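Look for subunit A in each of the two complexes below; its partner is subunit B in the first and subunit C in the second.
For the complex of A and B:
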């Protein structure tokens, strides 16, 4: 185990951050290549679809040709990719074929809405799963433990659209407590966030339970108990912090999934976030939006992954950074 | 699974006669639950609140009646001047919502936007317009097109105030004026108290977008909206069982048909044989389809277009009787004999066909057609394509034998679909797979050159008769109703068979007692 003074630790941390950040660059370029290449390989001509959507009628060959020329769709792949990547690093993801609006601005205007349901769902999930996970670990094998495990298994198996309909039925149709769908107020946020939170929270509570059970039989917990520390304090002060390392990784990834993949929930609840925007873009072969979305969410994933890595050293005091940076050793 | 969820959720909703609540109670605001927000915008000159969702903020020169006739709107009359030119006389005293007076210059500017955005289908270009004075417009298409007045009913040809952007804030002359738009959420309009005609009854209408049909129905049952468009047919029972709700049906405006690849390249060349095409027409039990798949919410109309468009001449298109024995006889005579597993074979080649279906078309129909054709010995592979892009690509390449599609009739031109899909000079990339022949082309061309609409209907019916009854390049299946669910407090709603021409002026909302 290696120890450093404060300045040395800061330098090591900076080196680690830089190295970690540098390692994301090739991954990011790979994401950009996939984003651009895959959308270009999909069948279907965006010019045809744009015109079809506008008029409701199949377009003429001439109209398709003009739109293809305007959109420079006939240029070779490397030229189009190079042009796009160069603009992307400057913060320009191009313009939507359908709307003519800048892609980054469109994503930025919708992203806060998706972030709102994802963050609310994550907060709801953690608020419920933490006490449930702790309680079921403390009272393992009890009726509560079995009941919660069965309940979490059940709700984790429910498809989100089904759950969404049931929640609408209960809270909007029967109780008239919340709006069916739409956006604009905090009340509109509750049902879509809850729909997402149920599945995430169920998974978290099982994860916390399992991680805590593992920690409960470690040497340091036995020592704490031998010193007369109460069981609840052993769990909350000692076990939970160690157990939260795994949870951090999973939570970061789940949060990334919520940001990128709340498509069905956004559709059911008419929530105008980036998920539904992406689906429309796929249907309409709106390449700039598809490419921009994949790059945007890929970047968010990379950032979350980086943050999760950094959170380890804060959560676990045993983790120290090596002089060379990049690796963490205990 | 999804369908099961549908049934459970809505079945439960049907059991609950919950208190009537919602924005309509006690007020004169109507809240409409529409489908997904399909408003194009930005570079492509959107018609916000006009097409595809028509909120009645703008009006074209002429309008489409519910029996598909043309009647005056911003133009009080029109006349054919010869040399492919129509003259329209504008209604005097009409003002846009911003106070500007309707003039021929405004008409030209609006129609030029359509030309520049390549949204029209009337052969118009920047030289097509002449303005003899402030209240008269002359329009000369670039190709023979005397069907122009019947085409100008389409809301895409609506007239907007000069110098305004209809993609951002539409300023029209309609009975409602635009208030606000939140993309993918809602459009709000309010009554135009200075309307030139009979004023609308409602104070305001909010059109809310619900991409998911189940959510749309749940919003109605929760009382959050007053009326929903495109009610899924499987939910009709749910709505009907509720004492506070009802269903309204527009007369058929959608034609469900099989478009045949009669000019395909191998392996899609089998249907070049007219006998096979006729056998397909005879093998489909349309009555069974309407009962079993559409739950009675369709009509066994056999035509290329909505029968009202053809008027008295609609009956000259006969279609196909359901006669599987006759279909089998036709196939036998064509040399296709029953082979292993009941699939017919000729010269060692099994009778295998590829069916495409527009992903936005009801999939139950594709399954039904597949089963019906199997019964007479045709092995039909249904290619389930995930989206419109893959579908359009395959269609353009001709990689199919049959294409199940739904056609809308949104104008009064009886030759719209014949010219668009089956004419050899159609500019549509897929038209080459469906050509109906030289005689058909001649009749369609004649129809485009006659000024008299009755004569045009007669010629259109003749052309369709050739395409359906003789050439069988189109096999009609059914005509579909548009369905609406609404509260019983809604009155005066007359569903238009062309949804894009729906009028909201006469709709009323009756106040209900508080729960």
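For the complex of A and C:
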């Protein structure tokens, strides 16, 4: 691996980072368009909905006209989108129809709880899939390998909401070991995180196995074996370290999927994160919250994939020197 | 194995009206929330409807909808990807930015938002799923078309006077289709899960439609008293998804060429 002199190297890195960052801007604008465009799909007139909520009875034509003028709902789409975007980049995503609270503040106050289940689930998934991945790579083709493959396929096919209820039945209702739903203590965290972890863990153990097998075909592995290094040490010391570069980025992207899966799981366990907030907003036709949720999560996902790429280029210097500003998703 | 499961489910789906012991919508107030009996092999739900009959008829909704969605997505994704990859230029650039945006999320999020804004209903869920899921196909097909269009037989066809539409259909499509069909077989399992998720949230099928996700949603309130209301529809969904995943497992090489090396 050649290394350039410090200055050129740093310049190449800076250029890569800038290019990568710039490439996310149009995607973010697209996400904001999608979020705002949702308002075009709403059945019924927002002014009528707002008035109906305030007064509880069908509003007069005149009242609707006044609110429409106040909210400037009759402006052309680009003007309304522009105003909305301008406020959004300043952190104003509007107010919830239901609670009247600012959408961004509500999302931000609930987000840590969603992060908590996603992070716990990630830790659980890695704790199980790492040993499984190493074991199946080491004993590839064995009964264990096949068994794990079938098991991970079965487990990954279970709908998470269903799995959640099965776990409630087992651990909360029959064994009385854990609370059924709600939040507050660490014990409340276990079942939702476990529900999320199962599918991701199954995927991870397959990914880890595949990544290790790919390394096992490399020349250096054969060299190590020829020197008499034991297979388990070859895998742990050499293969895992090299495979970890790709796996880190995949893990970062999967973390985004965990956050998305949390929407369903939070509903099952009545966990007050952003997912259940979104689902409640859907039931209540609370459109500003739905739009805010899309923009908020879209921004989080973009940031995650940006981080994944940066981690990749930081761990593997070959990428940034050879690929310029291209995507480096594994 | 995967094909056997899917074949079995298709058989049930086609014969549901004949083999179902009861009308799936028939309410029987005297037999509510019963366990399995000889008249109701899997028991009854909170309205006294036969669970087995609802499951069998539910296959038509759950699997039928997924099949329809899969087909529509396949057609849209392949057309968009084909046109973008073949003609390139500004149209390609715009379409691919749209794809970038849709693929920036885990697909369930935008689908849920669209379905949520449109309001409850099976048709709305179908629209939402299609509106999001075509993007993955479009990106795959575009990549494949980009490589196929540089092959000599395409030049030859053009030299012989074939028009763009003909080249796309007759020469490029057959080369692109096999990996796309593999993707479709894997993705149909994901689609079943996604549609069931939306129905479970109350967005898809509305009562009394015996769709599996909606049945799970119905059964939520009876988890403690009659867990069978949740257990069986979930099993049915899982079985269908396992079937598609097993089929997908049989040929991963198309989608990831360097898997073949590792065998």
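Keep this in mind: the second predicted complex is superposed on the first by the 270 of 330 C-alpha atoms of A that agree within 3 Å, B and C clash if a C-alpha of one lies under 4 Å from a C-alpha of the other, contacts with A are read in each partner's own complex, and residues count from 1 in each chain.
Just so it is clear, contacts are C-beta pairs under 8 Å (C-beta built on N, C-alpha and C of every residue); 3 or more make two chains touch, one makes a residue touch a chain.
Please read these numbers as outputs of a predicted model, since none were measured by experiment.
In the overlay built on the shared chain, the residue A:260 is in contact with subunit C alone; subunit B does not reach it.
By the touch criterion defined above, A:80 reaches neither subunit B nor subunit C. Of the two partner chains placed by the overlay, only subunit C lies in contact with A:302; subunit B stays clear of it. By the touch criterion defined above, A:34 reaches subunit C but does not reach subunit B. In the superposition on chain A, A:225 contacts neither subunit B nor subunit C.
When the shared chain is aligned, no partner comes close enough to touch A:11: not subunit B, not subunit C.
When both complexes are overlaid on chain A, the residue A:294 reaches subunit C alone and has no touch with subunit B. In the superposition on chain A, A:50 makes contact with subunit B only, while subunit C stays out of contact range. When both complexes are overlaid on chain A, the residue A:182 reaches subunit B alone and has no touch with subunit C. When both complexes are aligned on chain A by C-alpha atoms, subunit A residues 42-43, 159, 161-162, 165-166, 168-169, 173, 267, 282-283, 285 touch subunit B in the first and subunit C in the second. Listing the residues of subunit A that touch subunit C in their complex gives 26-27, 30-31, 33-35, 38-39, 41-43, 153-154, 156-162, 165-166, 168-169, 173, 210, 213-214, 217, 256-257, 259-261, 263-264, 267, 278-279, 281-283, 285, 287, 290, 293-294, 297-298, 301-302, 305.
Every residue of subunit A that touches subunit B in the complex is listed here, in rising order: 42-46, 48-64, 66, 95-96, 98-101, 159, 161-162, 165-166, 168-169, 172-174, 176, 179-184, 267-270, 272, 276, 280, 282-285.
Remark: subunit C residues 97-98, 100-102, 104-106, 108-110, 112-114, 116-119, 189, 193, 196-197, 200-203, 213, 216, 220, 223-224, 227, 230-231, 233-234, 237-238, 241-242, 245-246, 249, 258-259, 261-262 touch subunit A in the complex.
Across the interface of their complex, subunit A is touched by residues 1-2, 5-6, 8-9, 12-13, 16, 18-19, 21, 36, 38, 40-44, 52, 117-119, 121, 156, 182-186, 208-212, 214-215, 218-219, 221-224, 387-394, 396, 408, 410, 420-421, 427-430, 500 of subunit B.
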